[in-house]
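Letters A, B, C and D mark the chains in the order given here, with residues in each chain numbered from 1 onward.
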Amino acid sequence: MQNVMTICNYCGCGCGVYLCVDNNRVVGSYPSRNHPISRGNLCSKGWHLHQFIHSRNRLREPLLRKNGELLPVSWDEALDVTADALHKSRERSGPDSIGVLASAKCSNEENYLLQKFTRAGLGTNNIDHCARL
Amino acid sequence: MTNSIEELGSADVLLVTGSNTTETHPQIGRNILEAVDGGAKLIVIDPRRTDLAKEAHIHLNLRPGTDIALINCMMRIILDEDLADDLFISMRTENFIPLRDYLHRLDLDELSATTGIELKKIHEAACIYARSSKSVICYCLGVTQHSCGTDNVQAVANLAMLTGNVEKKHSGVDPLRGQNNVQGACDMAALPAVLPGYQAITDSAIRDRFQAVWKREIPAVPGLSLTEMTHSGKDGAIRAMFIMGENPLISDPHLSRVQETFENLDFLAVSDIFLTETAQHAHVVFPAASFAEKRGTITNSERRVQLCRQAIPPIANCRPDSEIIMELGKRLDCPGMDFESSDEIMEEISLLTPIYGGMHYDRLEQSHGLQWPCWNRDHEGTEFLHKYYFTRGKGQFTITRHQEPAERPDRTYPYTLVTGRGSYHHYHTATMTRNSKRLVREYPEALLEINAQDAKTLQLQDGEKVELLSRRGKVRITITITDRVQPGTVFSSFHFFEVPINQLTTSVMDPKSKCPEFKVCSVNLQKVKHD
Amino acid sequence: MNTNFIPATAVIREIIRENDTISTFRLELINKRVPFSFRSGQFCMLSVPHCGEAAISISSAPNALPLFDLSIRNAGELTNAMHQMKAGEQVGIRGPFGTPFPMADFANSDMLFVAGGIGLAPLKSVIDHCLFQSGLEADAVANITLLYGSRSPSEVAFTTAISSWKEQGIDCRLTVDAGDDSWHANVGLVTELLQKELITKNTKSLICGPPVMIRFVIARLTEMGCASHDIFTTLERHMKCGMGTCGHCHLDGKLVCVDGPVFSLEQLQTMDVMELGT
Amino acid sequence: MIDLQEMILEKDRLIPLLRKLKKESRLIAPVTNKHGDTLLSEINNIDRDTIDLDRQPQNSLKSFFLPQQEILAHYSVDTTGYNFTAPEAAKETIYFGVRSCDLTALLYMDLIFSKPAKDASYYDRRNRSVIITLGCNDPFANCFCEATNSGPYLDYGYDLQFIDLGSSYYVAAGRRKGADLLNKWDYFFRTVEEEDQKIRYQLFLEARGRFNRNIQVSHACHKLQEEEVAETIWEKLAGRCYDCGGCAYVCPTCTCFSVDDMAIDDSHGTRIRSWDACTSSGFTRMAGNHNPTDRTRHALKQRFLHKLKYDYQKHGKASCTGCGRCVDICFGGVDITTFIEMFTRDAS
């Protein structure tokens, strides 16, 4: 059993929380006492932070719509199809025909990468996220 | 937030407006209550009698959408009582005289009538706020999610500047940020008009700096905002979308228009950890790694950039979003898509983003994070903003005038629906919380809060299902009778896909911030006839 | 290793549809580690695949073993999954748990059963047991009366059992909150059936149903002079273990799963109990 | 034969002793990590993981004996039927540096998990454990174990009790397994001198005088046997309870749990036991929305009465061990000491 310090994934408070890891499974969440926000306690969501990680409903494979149905495919196929579709849309209707939504649930690095990809890769500034929702 | 969360605990007066803090920001609520228990005064502005409002010395339960009238009323009282901070106004602000003259022309009784709160209560609140030099204002989406959201924020800023309650420890104006990394997503420019660190996309010198690193030309014209994209419609400008970890088909206003857009896209790819309602519409779905399965930083409400450590490898065949983006980038010939770690990405961020200039992984690893602006390695971060100067120089007073919400109650739709996060146990579209057994047990279904008086008029029993209708759609929902809402107002959340409350909400937005008016729309309730 | 959280496997032998939402599942254990026996009033922890466990009272009498019945109302995730199951499929059983009815004290008594809806399930076990005893020894119990309330005629459950009881001489009086053209029995609350002539000095009353019903029936019986040690009820509470450790069924310092679920009014009067409206 | 009841261990011998112990079992001890938090953790490398005996561990023994989430059973549903199998057996474990309050809590859990039948998983871990406590010479800021009769030193219940005498530890065996350890590793120890006894006694007296907080626990327990708590007190407390469950989760004697199934795929899954809190409304809610507990008025009633009234009735002792963990972490500032102060003040 190992305690890995991380930051809670729910609200903007940003509590320091230990994920208890046993055999590559997260089996608990425990507040950090020394962390300036959590100060030894979490809210109900934080105390149960570990519960959704291994949920049976997690997506496990890339999916591609074939004949109206989402079916598992390889990573390469899913990525190729996506890159191809974005490329086509850009060729046909211009870069501003593509819209990108980033996420307030993802990391700074991922958001940075996605806006870089949108601006430098796709050539549009159509990028936003749910800041106002 | 301009302040740090910890500072709230030592403030003398806390004015909380449009925030159900104990439920939505529990740790901030904890600091507020600690201040109250230590003798601080608490003023809560909220149409609902939230748990925090119950602890308030004064609860100003205004009619939804009358924030400006209320703040103007408070400012006028402060002027009348000679409680304005003249020295601060003359040294640090500009444009005060027009505001003063405007306030003097207002009629206090009229303002009080507009808000639905008796003048005496407003008077008392204004004096408490203005008399202390350690007064802090916290606000949340209850202020911004209005068609006049930007003006609401300006009114709040006017109030703080009028009394000099900014620019020092324990006093300031604190927008509470909702999602764990909404602050960071903004900082990183997941926004249509800026580059990382809020640098204007229209500024060619700034673009040049980025172009030098990115090796590609960056378009100079600001892009479309989220609602402009999701409401672009059947033949709209948006033909293809890539969505990372968002669920607009539940979270966006006026859902039927969003559905129309999504059903007519040529292509939609979604990366998420669950098969959300939005992912169900996609052509391609990428299984993303959850926060526990990757490394990266997030920025909390007080601008604290913190390191999230990887606890386990990605489950099944999942991959971190960063890998997905880079793979797509490589396939579309985007240069600079070969980072080996999030550490390496941060190196590029700190190079291009001055406020993140001192954010280095080794420093974040050693600490509980650093608060931006953090200019360089020697800078220790910034506890509170606007010390010595405002971002734009002098603080700018701007006149804000009361404006009625886009929709007002009428005969057909006599009730006002306020939406927001409705439960302590759920988050946003609840994709994560509804996959947590305990949280589902605690709050299993969507509820509509209604006042006992209205329930009586409509002959509704607690726990009964009703049909809730607006001009745009209808949903079936279970009611809960409570004194949290005033007569004439009902409240619900958007956590439950079975009750897509945003079928009802309006797509009217604030013209500047593009923030939708989630807090006011007119609805009617109908008893559901038993089969 | 002692494995008190490992259920035994039971096969569903038969499913008896009692009404639109209640069915009785006749079960038989197939891999019991210890002999299985129980007494009327006890309950089991039922496992349904992927749904966890729920406490369900046993509705058949012990003499029917090795078969035993669980009568279940479709009211949540687990019970809904149970209602999708078919004869021949398997479920998990732990137990029996809890304090049963004090059957020995009922010898020679006039038995009055008052039930509402699914609340008849635990009492059914007692009624069947009384009838079985009567077959063995003439003075097992004296008269048996059942007052049974349902919300509507279509919700009347256990009709097969009730007709069989009637044939065996039990005075069964049924009532519904709201009747229809097909309904010829009483209309009104079950408390309205509680007439003076039903009560003797020798009456033991056993009540089970929704909390409000229990409260009003107890009040009425007390008013008619029934002693608190002659009134029994069985309480329903949320339970996770059945063994007195998980804490969910706490009741003013007691635990319903071990100290109950059967309580005499005499016991309940010393506690702060929802069913008494305190 | 137990012949080595009390011995002295020079501090220099502590690590060598623990190194030997670790070879035979898993070793758990308080460790302060790089984030500044002290947690009872598994010692993987005795030279690198620095054992910190100066700070109170944030977690208690509960995290190990009744983990936040544990597997009670594996199940499978397939053509062979619906079958359950027991989880793996526990490992032999030595817990070192356990505080008196936490051992007292463990003894309470022994009681809870023994009736009516011994809880299999709990006793499997318990039977494979050795508990070495450390008497508290300097109580922590929120501690009040003297008021709950669970410290600063203990008279029984431990396998070994260490008392810090400055340059050495006074080590006493309280149970067979502890005495066996003393016997086995006798060459690390020396015999107790009269001087050691004197210092130990002096330290004990001083420790008792060092508590910051004077909580009237036994007064509250007595009073609760005689009178009801005013409704206004319950309502005031409930109004400030924001339903985080934190007090119950950090409490070393809160043993309430939930049992749920976690499906892995259509035909496999695990039955999970996890911490629960009586303060939340879903704890007692039944199908059909009946709830015997009204959270808005009585959110904290069961928790406080259970600890101070019911357990006092049943076991003659409150089941609060004065560890102070729930103090200061409550979002609404209504921990058990707030209640005791409100209730006992109300009297005068």
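Note that a residue touches a chain if its C-beta (ideal position, glycine included) is under 8 Å from a C-beta of that chain, and two chains touch if they have at least 3 such contacts.
Only a predicted model underlies this, so the values are computations on that prediction, with no experimental measurement involved.
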Comparison of B-D and A-D (more C-beta pairs in contact): A-D
Distance between chain centroids, defined by C-alpha means - chain A, chain D (Å): 37
For chain C paired with chain D, centre-to-centre distance based on mean C-alpha positions, whole Å: 39
Centre-of-Cα separation between chain C and chain B, whole angstrom: 52
Residues of chain C engaged with two or more neighbouring chains: none
For chain D, residues that touch 2 or more chains besides their own: 35, 242-244, 258, 260, 262-263, 276, 280, 285, 331
For chain B, residues contacting two or more additional chains: 26-27, 30, 368, 424-425, 437-438, 442
Chain-level touch network, classified as line, ring, star, complete or other: other
Pairwise chain contacts under the document criterion: A-B, A-D, B-D, C-D
Complex contacts: residues of chain D adjacent to chain C: 72-73, 75, 77, 81-86, 89, 112-113, 115-121, 123-124, 255-261, 263, 269, 271, 273, 276, 278, 283-288, 290, 292, 302, 305-306, 309-310, 313
Chain D - residues contacting chain A, complex: 33, 35-39, 41-42, 58-59, 63, 67-70, 242-246, 249-250, 262-265, 280, 325, 328-331
Contact set on chain A toward chain D in their complex: 1, 3, 5, 16, 18, 20, 27-35, 39-44, 46-47, 50, 54, 56
Residue numbers on chain B that touch chain D, as the complex places them: 22-23, 26-27, 29-30, 33-34, 37, 51, 54-55, 366, 368, 424-425, 437-438, 441-442, 463
Touch list for chain D against partner chain B, complex: 34-35, 239-240, 242-244, 258, 260, 262, 274, 276, 280-282, 285, 289, 331-333
